[in-house]
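Think of it as A, B, C, D, E and F in the order they're written, each chain with its own count starting at 1.
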C-alpha cells in the first residue's frame, strides 16, 4: 500500500507503546468538578446556573453566545458551589462553574434520542451538534457546528476524518478508532450529510495499521476512502493533512472551506454520533494519561471538569523527578504549574515528563534545519529574529501569520532557540496591533 | 540655547562635531588619501584653505544672494577656491599633487564644505564663520592625521617617510590598500563612540 | 507546594532533538582531523606550530572579546573559535612565519566574527577573512611555498600545481602535477588543502553527522567542472582538465568545509543552490582569467556578501501561497 | 574588446566605492534598505551616464581647445548641479511614479563625489567619447552592485547583535573593508 | 585674451545656469506642503544622506509628517534642531505633568512563584505561557517597560519590580503600551494615593498568590466611600479629588498595604537605590 | 528688481568674479605646471640614456613617444622611449633608453604605476627590479627569469628578473617594452624616426 504524506515535517520518537494496548477505562466521576465556561475558540458561554442550584448530568449550564461559541454542560449531578473565576489550563482565570457531586449521577429527564439520525436534515443536525456543545476535540476546540455549516459560496465536497494523532505519547484517538469504529463511521456520515459533502476520507498514519485494517473492513461498500499515511509530524495539522490526502493547498490565511474540505477529528465525529443518536451532550471525553512521570499510564474516559490531580491520582500518581506537566502532546501541549486545573473539552491528554532542567541556548548558526522541516514552508529562524529585533513588518512579510506553531522547527533546532515562542510572541503583537488600528 | 563662546565655537569641531568621526562627512577623501601621512596633511591643508576662504566669502555675501541660487553660488565660490588649491599644489608640489590625483578637485563635493556654508556661514557673522571653519578644519586634519598615521606606520613601517619600526617589522600591505582604510576608519569610529559614551557617563 | 518542586513553565514544544551547536562544531573539528594529520605528515613541525598558534590565538581573542562585551566565557567551549583557528591554519602556507599566523587569527576572530556580534551573526567566513587579510597584508609570505617532506627536493621556492598552471604554462609544457599526487597530497600548497583524500574522508563523516548541506559541495564541484570543462574541450593544450581543477588547490577544503559554514551560507534551499553554483563559476573565472592562481577564498567571500540578498529573494513558497507571475 | 575590459574593470576591479572611495556618503547613508539602495543605484547610474556625455563634450569642445583645463572643476560641478536639478524637476513633473522610485535620490547625487569623480577621472585618463560613456555606465553599475550588496548585509545586520559602538557606520565600514578585500580577487583579471 | 576667455566662459555659464534655474523655478514647480519648504529652508541642503533619508527634501517631509526627529540632521547639529522645534512647534505644551505609575507590589518576596519559567526573558513572552507568578494580574518582572523607555526613567528595582524616576518621566506612555498586563498607568504627578494592585482574584486566592494583593476587604472604601469603590474584588479610586487628606491615615490601615501614599513608596525607592 | 533678474544677475556676477580670479591663478601657475611636466620627462630621459645633452621628440602616438637623445657633440646616442601598458591594477607608464639600433637597452624607469604596494609596486624599486634591467641585449626577444634571480650576474643578457609574488606586474613591464620595441623597429623601417643614421 502506498502511503501518502506532506513535504518536510519531522519524526520525533513516538512513545505510543506505553498506552497503545491499554483499552479505554472509565474513570468514576470525581467529588467536585470545575467546568470553565470558556473551553472553545470564540466567545465564552453565558452561565445559566447560580450558586446553590441543583444540576443533573448533561444539563446545560452555559449558553453559547453568538456564532463562534459553544454551550457547556454539567458532567455530574449535584449542587452548584460557585460561579466565579477559577484557574484554567490556558493560564488565565476564567469564569467557572464548580459543582459538588451528589454521587447519584442523575441523568437529565428528557433525553432526546433520535432513532433515525441519518434521515435528519443538515439544519437539524447542526442544531443538535450546537446544542450538545461539541467542539473540535483535536485540541483547537473550534465549535463544530460552525464547521458543519460552510458558507454558501464555498461548497464542500470532501470530509476528512483525522485519525493521524501525530503527537507523541497520545493514544486516545487510536483507542477510540479501535473500540468505537462504528460510532466514528456513523458520525462521519452525519457530518457528511450536514455539510452536503460527497465523499469521506479517513486518514490514518501507518503506525496504526490495525486501526487502518479495521476501518477498511468496516467501510467496505460505503463511499468512504480509508487512506494510509506515512507517520510524520505534524500530519494532523489541517492544512498539511489536506495536502497529504488531496494535494489541495489551503490558501494563505484561508480555511479548509476554501478548497472544499472539512476536517474532523475522530473523537469529534464520535461525539456528533453520541449527541445526535443518544442525545448525549459533550460532557466527557477520552484522554491519554502518560509519560515517564505517571506511575500507571492509561487511556481514560473522563468527565469534563475533573481536576488534573485526581486524574493523575487515578493513574497511580506522579513519579519523583517529574518536572513538567502538560495538557496535550509534547509538541503543542501547554505546560501547567497548577495540577488543580480541570480537564476541558480540548484536553487530549495529560503528560508528566522528566526533562533536563536547564540547557544552553545558542545564537542561531543558520543551519537551516528549521527551514528544511517547517511544514508550512516558512523560515522560522528569520521570523524569530525579526521578532527579537522588533521588525514586525519584516516578520509579516516573511509569513509569520502562516505559522501553525507545530514546533517542528524548535524540535530540530540545534541552538535550542525558543523559535515557537518568538513566533507566537510576534503573532500576538501583530494581531493586537492590528486590532488597535482597526479599533 | 545660549550663543557659544569663541572657544567653544572652535573646539566643537575638534571633538563634539568632528566632521569625520561624529558627523561622518567627507569620507571619500578621508579614506582615499590617508595611505601616507604627508598626503593626509596636504589634503587637510588644502581643505582648510578652501573651507576658511569660502566661509569668509559666503558669510560676507550672504545677504546679496537670493535663496534660489544660493547653492549654485556657493558651489561656484567653493569651486573657485578648490581650483586655486589644486593649481597651487600642481605648481609647487607636483609629487604630492600626483599622489592625491583627482581627490583635490573632489574637495569641491566634500560635504563638510558645502555643509558648513549652509549650516553655519550663511547664517553667522564673518568672524564666527571663520572660527567655525578653523575648528572644523582642525577636526578634519586631526582625523586625517590619526588615520594616516595608523595606516602609514602599520602599512609601511614609516612615519612621514621615516622608518619608525625596526627592520623586524614586516609591513602590513593591506593597510595601504582600500580594505585597510575602511577597516581602520570603522574601528576608529567605534572607538570615538566608546570614548564619547565614557565622557557622557562621567557627566 | 514546595518551591523546589515547581513544574517547569514553558512554551511548546517540550521535545527537543538531541543535536546541539557544540555537537555540530565538534563534528566539524573531528572531520578535519584526517587532513590535519595528513598535513602533519607532509610538513611536520612547521604545520604543528601553525596549528597551535592559530587555535590558541583564536581562543584568546574570542575570550578577550567576550570579556569586553561582558558575556559569559562559556561560549568558548562551543568549539566555533577552535574551528576558525584550525581552518585558518589549514589555509596557510607551511612556511609562513608564526607571528603572521597569529595576526591572521586575531583578525579572523576580531573583524571576521566578533564585530558582527559573535557566533552565528557574522556575514563572512571568519577563517577566510583572516586568510584574506594575511594574503593582502603579506603577499610575498603568503605565496611562498615549500615542498612536502615526501618530495625529496631541496629548492628554496616551489610552486603549487595551480601556480604552475598559471605562471609556467604547465599544460603546454606538460609539467602539470599528476592527479594521483593531487589526490594523496604529495604536492606543494597550503597546510590542509593538499590531500584531497584526507579531506574527503572527513567530509564523509560530516555527511554522516548531517552537519553540512550536500547542495553546496555538489553545486560547487559541478559548476566548476562544467565551467572549466568547457574551456578544456575547446583547447586541451591550454586549459587543464576539470578533474585537475577540482583536485588542485583549495577547492575540496573550500567546497566541503568553508563554503558549507552554516552561518555564512543561505538558509533557503534555492539560495543555497545559487550560492554554490556562484562559487564554482567564480573559482573558475578567477583561476582561468584572474591575476591569482587560486580563487577559492575570494569566491567564497564574494558569495558571502551576496548571501543576505540570496536569502531575501529566495524565500521558500509558503504552503497555500500563490506567487505573482 | 578593450571596451568590454573597461566595462568589467569599472564594475568589479576598479569599483568606484571599493577601490576609488567615491560615493562613500550615499554608500553609507542610503544602504539601509535594499529597495532604496536599488533606486539610489539606478539614479546614480542614470546621472553618471548623462554626466559622462556632457562633461566630455564640455571638456573636449570648450575647455581643451581654449587651454582652459583649470576651469574643469568649476564648469563640471556647475553642469552637474544644474543638470541634476533640471532632471529632478523634469521627472517630478512628468512622471511621479518614476520620481518616487528614483527621482527623490537625485538631489543627493549633486554632491556625490562619485559623479564629479567620474567626470574628473575620465578627463584625467583621457578617455575617448565612447570610452567615457562605457566608463560611466560601468561605474554606475559597479556602484549599484556595491550598494545593493551592502544594503542586503545591513538588513541582515539589523537582525543581529552588533556591539553598540559599532552599530551604524562602524560596522558598515568594516563590512565595506571586507567587501573590498573580496573584490581584490578580481584584480589582474583585465590584462 | 587669456584673461578674457575664462571670464566670458564663466559668466556665460553662470548666466545660463541662472536662466535654467529661473526657468525651472517658474515652470517646473510642483505644489507642496508649505511647511516642507519651511523646513527645507532651515535644513543645510547638503543632501549628504547622513540622516538616513534620501536627501534633505525627503527628510523635511518626514519631519513634517512626524516620522523623523527634529534632531535627525547630523550636519545641522543643534542649531538646526532648535530652529526646527521653534518653527514647527514640535514641543507640545505640557499643562499637567503626567507620570507612569506601576500598579503592583508583587515583589519577589511577596508574590509566589507558580512554576520554573523557561523561555524568552521578556514580559510579553512569559505572559503567553501564563507568567511565572501565581497571580495572573501582577508584574512579570522582566522589564519590557524598562527596555522601551526612551528617557531612562524606569528601572528594575532590587525587589524585581520596575521603579519610575518621576523627575525623568515625560509621560510618553511607551511603558503603558509595553506592559502585557496593563499594570502601568499615567497619573497626574500630584495624585499621591495609589492602589498597588490589579488582581481581580477573590480575597483568599489573591492573598495566597501575593502578600501585597488587594483582598477587597473594603477598609479603604469605608474610610472614604465617595472616592473609593470595590469593583470585581479590587478597590478603585474613582474620584481622587474627593479624598480628604485627613482620611489618609484611615486608608492606610489597609491590611496588605495595597493602597497607600505614593511618597512613602518613593522614599522606599530611594532607599533601594 | 524682480526675483528672476536678481537671480540671473547674482549668479552671472559670481561667475564673472570667479572667472577673473581663476584666470589669474591659471595664468600664474600655467608655466610652472608645464615646466614641472617637462622636467619630469627630461629627468627621465637623462636617467635612461645617460650622457644626454639635448633631446627632441621624434615620434608621438597614443601610449608611445620616442625621444632622440644627443650628447654634447650633437651625436645621436640613443632613444628614450616613453611607453605604457596594462599592469596588474592599472596602466604602467615607463620609459627606457636604447641605443640607436635598438639592440641594447640601457636602463628602465617607471613613471607611473598603481600596482599593489609592497608587491607589484616594487617595479619602481632599484634593488628589487630596475637594476636587473640595466644593459640588456635586445637583439633577441627578452625573456623573464623565473623563479627570481638574486643578483644581476645570475642573469643572461637576454633575461630580465621577476619580482617574487608579482609575476604579472613584471610580465607586463616586459611586454610593454617588447611591444614598443617591435613597433619601433617597424617605425624605423618606415623612416619615421628621422634619418640620423
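To be clear about the criterion, contacts are C-beta pairs under 8 Å (C-beta built on N, C-alpha and C of every residue); 3 or more make two chains touch, one makes a residue touch a chain.
Given the structure is predicted, the values throughout are model-derived calculations rather than measurements.
Under the contact definition, subunit A and subunit B share the contacting chains C, D, E. Ranked by separation of Cα centres from subunit E, the top chain is F.
Pairs B-E and D-F differ in how many C-beta pairs touch across them, and the larger number is found at B-E. One simple way to say how far apart two chains are is to compare their mean CA positions; for subunit C and subunit E this gives 49 Å.
Distance between subunit E and subunit F, defined via averaged C-alpha coordinates, is recorded as 69 Å.
Mean C-alpha position of subunit C lies 33 Å from that of subunit D. Spacing of subunit B relative to subunit C, judged by their CA centroids, is 41 angstrom. Touching two or more other chains at once are residues 7, 10-11, 14-15, 18-19, 22, 25-26, 29, 88, 116, 118-119, 168 of subunit F. Multi-chain contact residues, meaning those touching two or more other chains, occur in subunit B at positions 24-25, 68-69, 71-72, 76, 79-80, 83, 87, 111, 114, 173-174, 177, 179-180, 183, 186. In subunit E, 5-6, 9-10, 13-14, 17-18, 21-22, 25, 46, 48, 50, 114-116, 118-119, 125, 128-130 are the positions where the chain touches two or more neighbouring chains simultaneously. The list of touching chain pairs reads A-C, A-D, A-E, B-C, B-D, B-E, B-F, C-D, C-E, C-F, D-E, D-F, E-F.
Subunit D contributes residues 18-25, 28, 70-74, 77-78, 81-82, 110-113, 115-117, 120-121, 124, 163-166, 169-174, 176-178, 180-181, 184 to its touches with subunit B in the complex. If you check the complex, the residues on subunit E that touch subunit A are 114-116, 118-120, 122, 124-125, 128-131, 134, 136, 200-202.
Here subunit C touches subunit D in the complex through residues 69, 111-112, 114-118, 120-121, 123-124, 129, 132-133, 136, 282, 285-286, 289-292, 295, 297-299, 301-302, 304-309, 311-312, going by the rule given at the top. Those residues of subunit B whose C-beta lies close enough to touch subunit F in the complex are 35, 64-66, 68-69, 72-73, 76-77, 79-80, 83-84, 87-88, 90-92, 94, 98, 155-156, 171, 173, 176-177. Residues 88, 116, 118-119, 146-147, 164-168 of subunit F touch subunit C in their complex.
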